[in-house]
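Heads up, the next two complexes both have chain A, just with different partners, chain B and then chain C.
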Partner chain A sequence: MSLFDRLLGIDRRWIFLFVVLAVTIPILAPLGLPVTTTGSTRAAFDYIESLAPGDIVWLSFDYGPSSAPENDPMAEGFLRHCFLKNVRVVVCALYPLGGLGLANASVARVAAEFPEKKYGTDYVNLGYKDGAEAVMRRLGENIEDAFPTDVNGQPISNMPIFQPKHQTIPSGDAGMGGNVAGIRTIGQFKLVFTVATGLIGEYWITLVNAQFGTPVIIGPTAVSAPKYYAFIGSGQLKGMLGGMKGAAEYEQLIARKYPQMAKFYRSTRLFTGTKGMDAQTGIHAVIILFIFLGNVAFLLGRRRQGRT
Partner chain B sequence: MELLGTWIAAFMTLAVLSFLYKDNPIFRFAESLFAGVSLGYYVGITLDQTLKPNLFEPLATNFNLNWDLMIAGLLGAFLYMRYVPRIGWVARYGLAIYVAYYIGVEFTRKLHGEVLPQMARTILPVRGFDFSGIEAFFTSPGMLALGAIIGTYSVLVYFFFSKEHNAVTRPIARLGVWFLMISFGAAFGFTVMGRVALLIGRLNFLIFDWIYPTFGV
Partner chain C sequence: MTGLHFDTGRVLLLVCFGIVPLVGIALGLLAPSLRRQMPLIVAFVAGIVPILSLYIPKRFLSAAGEGMSPRLDQYLIIVAGFALPLGIVNVIQINARKVGRTEKGWVFSLVLLIGLLVMGAFGIYGAVSGAGIGFLPDGSSTPFQWMTDWLFRPLQATIFSLLAFFMASAAFRAFRARNVEATILLVAAVLVMAGRVPLFDLLAYPFPPLQPAAASLSQMMGRVTEWIMDGPNSAAQAGIIIGAALGAAAMAIRVILGIERSYLGLGKGD
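Take a look at the complex of A and B:
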């Protein structure tokens, strides 16, 4: 039996072992490989950079723990970026299986890094709501109808975050439900950033952007990323962070623009997209090697069969 | 408590990964537990975050103002009547309104939000070629428009099954297959990256959240 015959009949568990090693070694000893920036991530970053202090944006956690390694770095990067720019952030979760838990954890983690940010004024977590499409339609009519309270059960009607830019709520006034011209609908937001797995991200584009005109940026899992290029091409998306690579690119852009974030991303023990990309490169090398060896072995075997 | 949670998560991760060696009872236990916990979590979160603030509390605090919520609540409750065979037919009313609502929402969303903008973007003027260099030429607006038009129409020809492909349409359909293959290749590459990201996340958890703290690293 030749070497190539043995390769064709290799036990798949050996390949699994190589894969585990290719992931583990870069995690234990990061290589610091460079991450190049793609146009869709650059466009997303530039759009967020163009927001002015006091602008209000919507961050939707539309993913669960099954894609957290890809999506968490995007959501947390976006929160940090907004806090650095003094942009107000309204957070919600529309993914049923774990979206809320991830939103709570990410908001708590990033808010702890920015102690000067006040809950209810600079950011708010509205919690989870079932029925993503129906929720989005309600957001286009009245946010308070969809989310009467925040995640802690506090009514959102009097929260300062929903007041227009640079306007503080007069004492005793009724907020959203009263006479103050507050932020009432999703159409008044400067941006929706959906960090998504599955269809919910698409709903933000084809429903909220199409019907209410709110600009949308998406952070999809890598599996979903190809389909969103069509939406970038049609101008329905302002940008996209495609999978872990997109998250890493975004982190690099933030770090380049804000030196304090460069220091943070270098020193944090948290999992980041940039850290994940070393392992991605290692494992891709292993996959390419095995595809190559498999094809060579197959072709040589076929040639030999042709001779006999 | 957090330490216990980490140990349980680590055990479950290893239990699931043990399938890579071979199927075993520990993997089956982890799989069943995951399915059960997911369903329980879904029910709990819907009760706490959707039904409580949107239905139960408004009805309890101000029934006169919110009585109309009873209609939606009842329609939702109707769906479960199928488990009572004698009045199972009642579930059809809830289901009919549910389906009709989503058809209405989906119809507008698909047409207005997807079909029309995507079609408009495919019908492009083929102009704006840049001959200053190879890269500039292939990324110029004219070339991108040409690529979008050729790609879209050749794929459409491939999927046109009402007439047998002839000498003219066969090569166009073959070109469409090439466009499809390139698209599937890109999707496969992204899929590999996505699945690998999950493995990276789990191994990162095992190393930094479980092994390192356990050994005081």
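Take a look at the complex of A and C:
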């Protein structure tokens, strides 16, 4: 049996061993490989950067724990970016398999980094609601119909966050349900940022952007990202953070713009997209190597068969 | 007149989603051959109202909070909510039967049922006690959040992580340049995989003098990848999305008009 035959029949456990090494070594000993930014991430960053203090945006956790290493850094980076810019953030979760738990954890984590931000005034967590498409339709008519209370069961009608920009609430006056003209529909939001692993991200584009006109930025997993390039081309998406690479690029852009975040991302022990890129580079290298070896062995074997 | 329009929408919905299903049930009991007619009427109204509301600006059809279409959206949330208990009942039925008969793999079914019941119990406890299912005021986790963080998250992440091993193995065995089409796919895949990460920076990591050249190469590969994604990929994806949307629209029309009836779940005799 020739070397190439043996290569073609290699026990897959050897491949698994290479995968383990390619992932674990960069995690245990980070290399700090450079990350270049792409157009879709820069477009997303620039759009968020163009928001004014006091603007209100919507962040939807539309992913589960299975893709959290890719998606968590996007959602948390977006929260940090908004808090740095004094943009108000309304958070919800529409993904049934663990979206709420991730939203709770990420919001708590980032809010702890910004103790000056007040719950109900600067940000609010509305929790999970089943039936993503139906919820989005209701958000276009009245947010309070879809989410009468926040995740803690507090009515959202009196929350200052839903007041128009720079408007203070007269004492005793109701918010959304009262006389003050508040933020009532998703159409009044400056942006929807959906961190998505499945179809829900697409619903934000085809329902909320198309029907209510709210600009949308998406943070999909790497396997879903190719689909969304078409939406960027058509102008239905303002930008995209594609997979862990997109998350790492976004972190780099935030760090460049805000020196305190550069320090944070250098020093934090939290898992970040930038740290994950080392492991991802390792695994890509292993896969490319095995594809190359497999094809060399295959082509040489075919040539030999032709001769005989 | 405004009140009249408002009532018109409400009455029509009441007739369609209250009286018609009741008549359908009665007909189903008294005359089984007629039992398919009523669901078809309900499906027709539920499908046609949102479409009409987009084109006919009448208050009874599309007024926010009052019209038929916004009311249907509210019903949709309730119907979607029913899907969850339906799924739970189905999971319990199938797995409880498996455990009861000690069929092959019954232990896994038992673990699934315990997980479902414990997680569900903590969720219901959080709702009933008012503590919620996130974090307590002192920053500590509720039992539901604790289980999410320390059981559900690691388990899901572990299962998904296995993909990395299978993808590497499958890429080695299946990604072969067998013909022209496969070769184009192979080259595009390798270019995208190489361009999405700083591959050359990794290869040059042990050799500092080569790092500037490697950085330039990585950037060039990144631009090639972006071109592939923005150009050929975007064009193909747009075609697929438009095709799927047209297919969905055609299927929706078939359901609304009662041509497609498989969703009724009727047997051949029906």
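What we mean here is this: the second predicted complex is superposed on the first by the 308 of 308 C-alpha atoms of A that agree within 3 Å, B and C clash if a C-alpha of one lies under 4 Å from a C-alpha of the other, contacts with A are read in each partner's own complex, and residues count from 1 in each chain.
Here is the rule we use: contacts are C-beta pairs under 8 Å (C-beta built on N, C-alpha and C of every residue); 3 or more make two chains touch, one makes a residue touch a chain.
Here the structure is a predicted model, which means the values were calculated and not measured.
K.L.:
So in the superposed three-chain picture, is A:87 touching just chain B, just chain C, both, or none of them (first/second/both/neither)?
P.N.:
Touch partners of A:87: none, neither chain B nor chain C.
K.L.:
On the superposed three-chain arrangement, identify whether chain B or chain C touches more chain A residues.
P.N.:
Between chain B and chain C, the winner on chain A residue contacts is C.
K.L.:
Look at A:195 in the shared chain and tell me whether it touches chain B only, chain C only, both, or neither; answer first, second, both or neither.
P.N.:
neither
K.L.:
With both complexes superposed on chain A, which partner does A:288 reach: first (chain B), second (chain C), both or neither?
P.N.:
After superposition on chain A, A:288 lies in contact with chain C alone.
K.L.:
Is A:298 touching the first partner chain B, the second partner chain C, both, or neither of them?
P.N.:
In the superposed model, A:298 contacts chain C only, not chain B.
K.L.:
Just chain B (first), just chain C (second), both, or neither: which does A:271 touch?
P.N.:
Touch status of A:271: first partner only.
K.L.:
Is A:24 touching anything from chain B or chain C once the two structures are fitted on A? First, second, both or neither.
P.N.:
Only chain B is touched by A:24; chain C is not.
K.L.:
What is the contact status of A:148 with respect to chain B (first) and chain C (second): first, second, both, or neither?
P.N.:
first
K.L.:
Applying the document's definition of touch, where does A:205 land relative to chain B and chain C: first, second, both, or neither?
P.N.:
In the superposition, A:205 contacts chain B only.
K.L.:
Please work out whether A:159 is in contact with chain B alone, chain C alone, both, or neither, and reply first, second, both or neither.
P.N.:
neither
K.L.:
On chain A, what residues does chain B touch that chain C touches as well?
P.N.:
Shared contact residues on chain A (touching chain B in one complex, chain C in the other): 16, 19, 23, 66-69, 96-98, 100, 127, 129-131, 133-134, 137, 151, 153, 222, 225-226, 230, 233-234, 243, 245, 280, 283-284, 287.
K.L.:
Can you list the residues on chain B that touch chain A in the complex?
P.N.:
Those residues of chain B that touch chain A are 20-21, 38, 41-42, 45-46, 49-50, 53-54, 58, 101-102, 105-106, 108-110, 112-114, 117-118, 120-121, 148, 183, 186-187, 190-205, 207-208.
K.L.:
Going by the contact rule at the top, pick out the chain C residues touching chain A in the complex.
P.N.:
It comes out as residues 64-65, 70, 73-74, 76-77, 79-81, 83-84, 130, 132-135, 139, 144-145, 148-149, 152-157, 159-160, 164-165, 167-169, 171-173, 175-177, 186, 189-190, 193-194, 196-199, 201-203, 205, 215, 218-219, 222, 226, 229-230, 233-235, 237-238, 240-241.
K.L.:
Considering the complex alone, what residue numbers of chain A touch chain B?
P.N.:
13, 16, 19-20, 23-24, 27-28, 66-70, 96-98, 100, 127-131, 133-134, 137, 148-149, 151, 153, 203, 205-207, 209-211, 221-223, 225-226, 230, 233-236, 242-245, 269, 271, 275-276, 279-280, 283-284, 287
K.L.:
Which bits of chain A are touching chain C when the two form their complex?
P.N.:
Touch residues, chain A against chain C: 10, 12, 15-16, 18-19, 23, 31, 33-36, 38-39, 64-69, 96-98, 100-102, 104-105, 108, 125, 127, 129-131, 133-135, 137-138, 141-142, 145-146, 151-153, 222, 225-227, 229-230, 232-234, 243, 245, 277, 280-288, 290-291, 293-295, 298-299.
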